[in-house]
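In what follows, chain A forms one complex with chain B and a second complex with chain C.
Moving on to the complex of A and B:
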């Protein structure tokens, strides 16, 4: 019998192993390439602004700050660096948040936007900007980001509470998220309706998302959250990958699916809420960053996780460059740029892609 | 040698008891046990309960196992997945089961061995989302085999395979059970396969165990009438194995009701098909 032959046959092993090793090597190269592209984009981002510097000067200012004139050093390190790094960190955070939302909800449309987290943050910020309402009175100095964060976490908490109810499926969670998006958008519209003209302008500008709000303390908080959450996801790389094989299969591997999904959802909410609170709503990254990563590197989380972070960081950093380059002398809100430039690029990538990405 | 015995086993989904009072004799390494019963009888529920994926009363007695909790492996019926993962990666995932990031030569050797044994080395680097149902089922089998379980619970593992693959896979499982000293429980709808490849059979219906024993003693015309509502006979083939011939659906059964116009009833095609003997898929 063929099966008996198969079990006793000398197994030809080198082929599969060799190809797998080559696959891993290729993926490491892709990650290195993304890292290099990100570094280049960061340098270009630093070079651009009202005063333009050459890339060589930027690199010199980064490596040996004392070797460049003080004016260049101040502009690059103290004015542009927090904004440029914020683009990198926020892009990475939003992209990882989107990647894990798509993983645990098994839905390609999941992102911080889809679950209403961004919409809730906008509403929280609008309350502060229009009426001066502080959801946590003690934090009056940071009323806008604190309000945005509190509302984003409230939305996430609501989703958590409803998703632990028995019989609630991932589809229900996604639908619930969409309902939250519409609810918070309606509330935001209501705030805008009653707001003064000045407050209305502030609210509209905030919801567009802008990296110019970045400061070193905000950058430090965002980086800390990202640095704290990434290792947790990395430790669960196998389990999160297994989730994409289906709930039953993941459970059969000994994974506590409900617990993994719940804990990931909480971490993802934190990861999405912090950047949104600081720089406003930037919706496109959380959706597209993971899709690009998936297309070029697959869904083995050992590679997918860093690829998502790098692609998100790269998109936002490149968008930051574009926001300064489109019209000289004008810095467009980053949220507008990511959509205007990123979405056509994303569509072309989907249509030209030979690999099925979902 | 590993053994497994179920004692008063039940399973709950929420407050609802879906399975109760399942008790079996001791099965030991090398045994291949068919778990049979009609649709929604509780076969998958039984497997999930034994694998520890569902709560419920009763005890699963496992003795002589070397791998602790990992000794029991459940292969679910649903193999659909749209992940951007190659077959090779999905099998590696099963092999690692949450262990560290590193992948050693031993892991890769076991994966190559499983893929070769199942004849799917040629699709090893295709994404599982792009595979046919049968290929996905073979990939799922490879994921199961690399875990090197001592007790294997397979939920309809051949339902999407063509006939020759069904025979090959079930033959492979029987040989592996003997070679590795593994207990294999297989939920099957094809009772001829159960007669051919399985030593024992347990019958589940309505969330209860209704019969248990050597497969040829359990799978009888009386059982087929009682559980499956069919009139059937069992004949011995040239290899000395029982082979089920289904003559028709039992008179008192729940048949598919379809409204047929009176004018249709007298047509020759219909007359020919009524009462014609159906042979259950040969194996």
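Moving on to the complex of A and C:
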């Protein structure tokens, strides 16, 4: 009897382990698939443009930039490449920022937008665009992004200061965030009201988001921030996963919940503020990216984190392709495309979902 | 509803009474650029300008004192065109005292403030039509007996400039002077278009960069109106004509390399108030040409202009941005024609045209500096 039970238990454990391995294998496959799709989208983004170069010419320009005419080289390396790569990096950063906000606030509606960080950044940028106001002294070329960044960090700091007060719950933080959204939107409207026609056009275009502002230095900064923040989150994958089980459970595992939440919020603000500062507000990635990742791969942070990054990058990269192709020759604000492409896909995922993803 | 009718009726009676009381006034029906028929007592003595830069025309109609009829205006003149603002302020210091309206392109304003200034007419830019109608300003002003008309020097200047000038002339009782300006302006435009029509030269591809360097976004431009149309009149082909659907828009930087324009024309102005130390080209009346040339040269180093024919051949020019929003744009057409077809327009002197405009019609003196070209150095 006793040995029989032991045998059954061993078999079950082995079966469980097998199932777990299969699950991990399947999730790794999904990640690989997302990565492949992203790579494909990046290639298409590099290959398309108003200057209709052949595929051979594009590949030559990429592999041996010195062997092609200067114009082809400039188009590929100075115009298309920063934009294409910026789409990938910004998409990943915004999506990861949204994913971790949803995790620490335990709220499916949390994103850099819903907490007012993007709205704050827009307001900072508008101050510079409309009146030339610099919040802290900076080189002329960087007044707009620096302003956006300063305001975004101020908003994050405000949320943090209020959230460490006694008796403040995650729900309160979300409500505070919504209050900030409305405050900064009102301030933005105020700036627009007093702006000249030329400045207004610049502000409106900026708030719609545009990847054409991408340059190599901006790309480098954004990439650096993403590369610095991602490993920190990866190291805390288990703690963050546990947080999704509930604050009390996480605390009972020995996790310092308040500290984890505060540190994550700061990192997320950085991750959200930098892209917004450089390319303007690009909507919905921070909300939709993590949800798509969660629906196809689940809550386990070891997979959820890279999946969020990949899905965000993929949406924005695909949007970049679409924004070039919709009205050839013009620059269609990518924020609009992102919403128009991301939302139907998102809705179809929600409606076809067989299991609860939140 | 009944109350509104009653109020409107009462207002109408008051309006009729006041009309009969004011000697010499005559009620006429004018058609504005939106096609609306509006009854106005002319000549008007008290006017609200929905955009400060309407003064470009008002000054031509009332050169003795352009502000004698103006009781309020939008505050854009000072920041958008600080050069001319300073010239006018020197001669007419009272303009600083005029009540101003804030408000952006939509031209929203406070009806109560407007009514309290007791204007005979409110002159709005056509862009503000949507906002004006949404807020039901026309009805509210009408209830106070104030008519509102739309003019346009910016959205569709090709078709709307002359009707707008004529409308101003009618309202101000300066029809003769307005017609004189219109006729002379049309003749000056024909000095370009007639030659182009007759010679039918090969049309160079032209890229007009709107407010180049104003922000790091390249490249704002014009569709088939405003500067986009002026370029066509001057004998060029606007490369953004079929790309930008409306009058204003932005083209993909790569498109400029793809279209490879023969000529590039950048609009500029002294925008220190908006973008301090920005990359914009500060052309304008009395501005330093060498400095403007240096900034224009810098703009050609952006990736979007790499290896473009216009840059290779030094055919890159900068022109005063405010030509896009004033009845003076025919001067820009002349200068652009000279750039695009130097051999056809060797005798044309846009500088002299602009000087004549100031001497014949405007209260301020002409100062050069409205354009520079990289080809000047050759």
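Structural remarks
The rule we apply is simple: the second predicted complex is superposed on the first by the 321 of 358 C-alpha atoms of A that agree within 3 Å, B and C clash if a C-alpha of one lies under 4 Å from a C-alpha of the other, contacts with A are read in each partner's own complex, and residues count from 1 in each chain.
Rule of thumb we're sticking to: contacts are C-beta pairs under 8 Å (C-beta built on N, C-alpha and C of every residue); 3 or more make two chains touch, one makes a residue touch a chain.
This one's a predicted model, so the numbers in the text were calculated from it and none came from an experiment.
In the superposed model, A:23 lies in contact with chain B only, and not with chain C. Shared-chain residue A:15: touches chain B; no touch with chain C. Contacts of A:300 after superposition: chain B is touched, whereas chain C is not reached.
Of the two partner chains placed by superposition, only chain B is touched by A:252; chain C is not. Within the superposed three-chain model, A:240 lies out of touch with both chain B and chain C [touch as defined at top]. When the shared chain is aligned, no partner comes close enough to touch A:276: not chain B, not chain C. Contacts of A:85 after superposition: neither chain B nor chain C is touched. By the touch rule above, chain B contacts chain A in their complex via residues 14, 51, 53, 69-70, 73-86, 88-90, 92-94, 96-99, 101, 105, 108-109, 111-113, 115-119, 121, 124-125, 127-130, 140, 143, 168-169, 171-172, 175-176, 179. Interface residues of chain A facing chain B in the complex, by the touch rule stated above, are 1-4, 6-7, 9, 11-13, 15-17, 19-20, 23, 166-167, 237-239, 241-242, 244-246, 248-249, 251-255, 294-295, 298-300, 302, 355-358. Contacts from chain A toward chain C in the complex involve residues 49-52, 69-71, 74-75, 78-80, 129-132, 140-141, 144, 192-202, 205-206, 210, 212-213, 215, 324, 327-331. Only residues 76, 79-80, 102-105, 108, 211, 214-218, 220, 240, 243-245, 248-255, 257-259, 271, 273-278, 303-304, 306-307 of chain C touch chain A when the two sit together in their complex.
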